[in-house]
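Here it is: the structure, laid out below.
Going in written order, the chains are labelled A, B, C and D, and every chain counts its residues from 1.
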Amino acid sequence: MKQHLLPIISNVQVSSRYWHMKIDTTEMNETIEPGQFFHIRCSEGIFPFLRRPFSIYRINKEDDTIEFLYLVKGEGTKDLTRKKPGDTADLLGPLGYGFQLQPECDDILLTARGVGIATLAALAQEAGRKGVRCTAILSARSRDDLLAAETLQDFGAEVHKVTEEEGTSGVDSVESLMRDIINRKNIKALYTCGSRRLSRLNQRLAEEYKLPGEIALEEQMGCAMGACFACVCDLEEDGKQRSVRVCLEGPVFPLEKVVIS
Amino acid sequence: MKQHLLPIISNVQVSSRYWHMKIDTTEMNETIEPGQFFHIRCSEGIFPFLRRPFSIYRINKEDDTIEFLYLVKGEGTKDLTRKKPGDTADLLGPLGYGFQLQPECDDILLTARGVGIATLAALAQEAGRKGVRCTAILSARSRDDLLAAETLQDFGAEVHKVTEEEGTSGVDSVESLMRDIINRKNIKALYTCGSRRLSRLNQRLAEEYKLPGEIALEEQMGCAMGACFACVCDLEEDGKQRSVRVCLEGPVFPLEKVVIS
Amino acid sequence: MIAQRNMEVSIGSLSLQNPVMPASGAFGPEMHEALDFNKIGAIIPKSITKHPQPGNDTPRVCETHGGMINSIGIQSKGLDVYLSKTIPEFSAYDVPLISSISAESIDEFCEMSDVLGSHPDIDALELNISCPNLKGDGLAFGMDAEVTRELLTRVRQVTDVPLIAKLTPNVTSIQEIAKAADAGGADALTVANTILAMAIDTETKKPMVGNVMGGLSGPAVKPIMVRMIYQTSQVTDLPIIGCGGIMNGTDAIEMILAGASAVQVGTASFITPTALTDVVQEIRDYMERHDVKNIYDLVGSVEC
Amino acid sequence: MIAQRNMEVSIGSLSLQNPVMPASGAFGPEMHEALDFNKIGAIIPKSITKHPQPGNDTPRVCETHGGMINSIGIQSKGLDVYLSKTIPEFSAYDVPLISSISAESIDEFCEMSDVLGSHPDIDALELNISCPNLKGDGLAFGMDAEVTRELLTRVRQVTDVPLIAKLTPNVTSIQEIAKAADAGGADALTVANTILAMAIDTETKKPMVGNVMGGLSGPAVKPIMVRMIYQTSQVTDLPIIGCGGIMNGTDAIEMILAGASAVQVGTASFITPTALTDVVQEIRDYMERHDVKNIYDLVGSVEC
């Protein structure tokens, strides 16, 4: 957890709502794992005031770069789009704990929704690198939001797209799709991010199929350094609930333990 | 007094501390007079919060442009330097009452200090246009700050430069210079802007030589529309003081009436 | 076909075509060049005092993060000039005229309310019991519930026009002051005036405003005002006029959701002279977008 | 040769190497990765309660213009975990450790102060008598002068360590509360905690923080805090710890000129994790530039 001022290589719009930013990490000597995130200062002024958390979308060890995929939502992300190549990105991180790929889990299923796709892309990349077979269900409002699908395919993942636009993203349809994939592919672990409803579905199927799994959570953050207790959620272990900080103890947690409110 | 969104033609640094901005006023149908000012929004965000007042430096009726000369002082002017050709300038104005050039005053003396030079440049331009002979004493910290001297010379003014750097800007030296010019040139009116000490000197000499005169005042402003009473100063008339708003009733006032605190 | 959007609101017996009015002291007759006065809910000139008074030393304003401090004081030409000049200037417009009164004693409040309340062109009175710039280290009538109650009771006896008490936020419990103003007979509450503040120039070591302290306004204070509007709306049924930090229609809606039935816009006009009518239009847009027929469907409708 | 710049300040009998410390709740042990704890004036962990308590519903923070609202509540693992885990974690550093205490009654404040005050690793206590997130509509001990005096008097009886009363800004007269804390036996005052505030999402009509209201911090509140520091310094000789909105050394100097002898930095650390040590350095730079030998030459030296 350190503040890094790093050069921006590119920052471009990739679809109607999404942008993509690439950063030169030559000067940053840190190990970065899929599922970890950076707390980014989107503007120099005092508005927007706080940093914004963004998962790592791609980790390119070969050429010492990392990439972010972000949805333009409000003032912070709008300001981020103003950054130009050569400008400095102010990153705090890498933060939190990322995903675990267990050696015995050689076939995994990712279910991602919205900006959660960015988070799971890094995992698909890692899976590809480790020779783990990876299937991904990507859910979004519209086809246009699913630009990351290609990236995942490049990593070797089998991608299924579901959208509101096409009426294919309902929990019921996703459930049958997941069941079909789990059975057909002999899936060994589930990973999810980006939707409460899909998270509950993943929890249910994980229990039913006795699969391990992980979930990356998103919570409103203040410090992202474990200091402010803004980003808490509850875990249930041995029948007892305890509060954890998403920024410090997460954002990735065991799927079965998270209490989804 | 209207808000105008006008295209910026150029905005460039002209010396170590000064910038120059040129605006296309084709879309603004207003008569602008030397001494008037615009209240300019320097940034889009809420910081800096208030507009900043800037006198008109040059009024180019021929090609429908106006120019500002500004000193980079704090956050507002720093933000103003970020504007690029093609960007929009958000101007409120023209505001206030400008200088009066009386037909019988065919030889005038301007004494300007610092950013006051920008204010009096427009008057020199008007004088040149009207065939009024104009002499100007320009005072500044350093020679580098006196870039406007050339502009005034282009307008036909005889320019005397005094600076701290050269030790020539003390009130005493300026006083002998003024006396010399007043006598030699048969000066008919005095105009001043930008310095309390020079204003007092002008008041004193105006009284002694029985010359009419005008002064352009600078006061911290809120609204610049006469609404908030932030920008007041006192005038003394017939032995009685009354408070006036610089933005509405000024910024130009009769030299002899202003109470300089 | 576009559905009717009813933006009319009532302040006591007074009906406004829409809920947007200027904040006293941040509005002047000269602004008519930039703004169509006939399109706002009401006009409120700067607070008037009985006798002429000069206001405070300059500098009178300074900027802060997301706001400004003013220490104008109540610079005023006195009641006579107000009656002979200010009122005619404003009564030419087709919207209600609300006079803001500042006074040094309860008696003086009564005296002025009597005069102004019986003037045919004045539709309501706003009692500025909160100006933090008065002599006495920022103390104001509105800092004491008992004084507030008595002040309202006494003024209520001399006039029948709607009385709006403009509360100060510089109190431990705005609820207590609100209840006192209600008990005294106020018809509405403006929540709230500026927050007492101070800034120092670290280079000169001098206070940034001549009067050492002044009132903080602008977006920086909005979350405090929204809280106070919400708290006040919990303890009184009086209409609340939200004030402090409104820059756009969304800010106005936020205050309305918190419990305000009208709003005042001050400092925003310094940045955008058409802020008042912009806010009217943006409230209307919001009502369209959310299909709200009547502005009162929004008042206090925050879902806690 | 560079002249000595003496930045040492005293909080009662406690001496700090420099006047910069974290604000409670905006600082955690994990920050040591980004920040050299040995370079700051003191360490203050988040307020501790006697019993474990869960804190408030999420979302717990939201942004405002120039600031943020937090409704964390005092999420706490209770005194036992604090003694066994938190204190050892921090006492490894070479700077004084100040414990911030939050309690539900005067008795509980006494009980906790007794335990913590007699702990060898704890150098001073900050009594958080101002947390606006407590049950009861934002009420706090520090809103009542009499309660404040009694609370300080009682705690004073159980411990000899320096006692810092952290005042709430949500009061009519911070001077009255400051005098009461002084009379009760406080050694210093922190001026001040967050300002009670509220924000509403106009699209969902829901409050932006789970607890409806929360505390406003950040640069937006700085002018209010500077005013309160100035006012407090007029009525008491106790050292004042300025807090609220400091983003850099200039802000710290502003509070020091207003009357503070030390400062706390909270939210700024969320934006720049090295904010605390940056502020130390920037104060030193200011002292160089203005040739100030001793920080005390600046304390309260605003020229009004």
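General observations
By our rule, a residue touches a chain if its C-beta (ideal position, glycine included) is under 8 Å from a C-beta of that chain, and two chains touch if they have at least 3 such contacts.
Computed from a predicted model, the values in this text were never measured in an experiment.
Common neighbours of chain A and chain C under the contact rule above are B, D. Taking the mean Cα position of each chain as its centre, A sits at the greatest distance from chain C.
Centre-to-centre separation of chain B and chain C, using mean CA positions: 36 Å.
Averaged C-alpha coordinates put the centre of chain C at 34 Å from the centre of chain D. If you average the CA atoms of chain A and of chain B, the two centres end up 57 Å from each other. Within chain C, residues 64-67, 218-219 each touch two or more of the remaining chains. Within chain A, residues 46-47 each touch two or more of the remaining chains. Of all residues in chain C, only 64-67, 69, 137, 143, 170-172, 195-200, 202, 204-207, 212-213, 216, 218-224, 226-227, 230-231, 245, 250, 253-254, 257-258, 286, 301-304 touch chain D in the complex they form.
Of all residues in chain A, those touching chain B in their complex are 45-47.
By the touch rule above, chain A contacts chain D in their complex via residues 1-3, 41, 46-51, 92, 219-233, 243, 248. On the side of chain D, the complex with chain A involves touching residues 25-31, 33-34, 46, 54-55, 58-68, 70, 72, 75, 218-219, 247, 267, 269-274.
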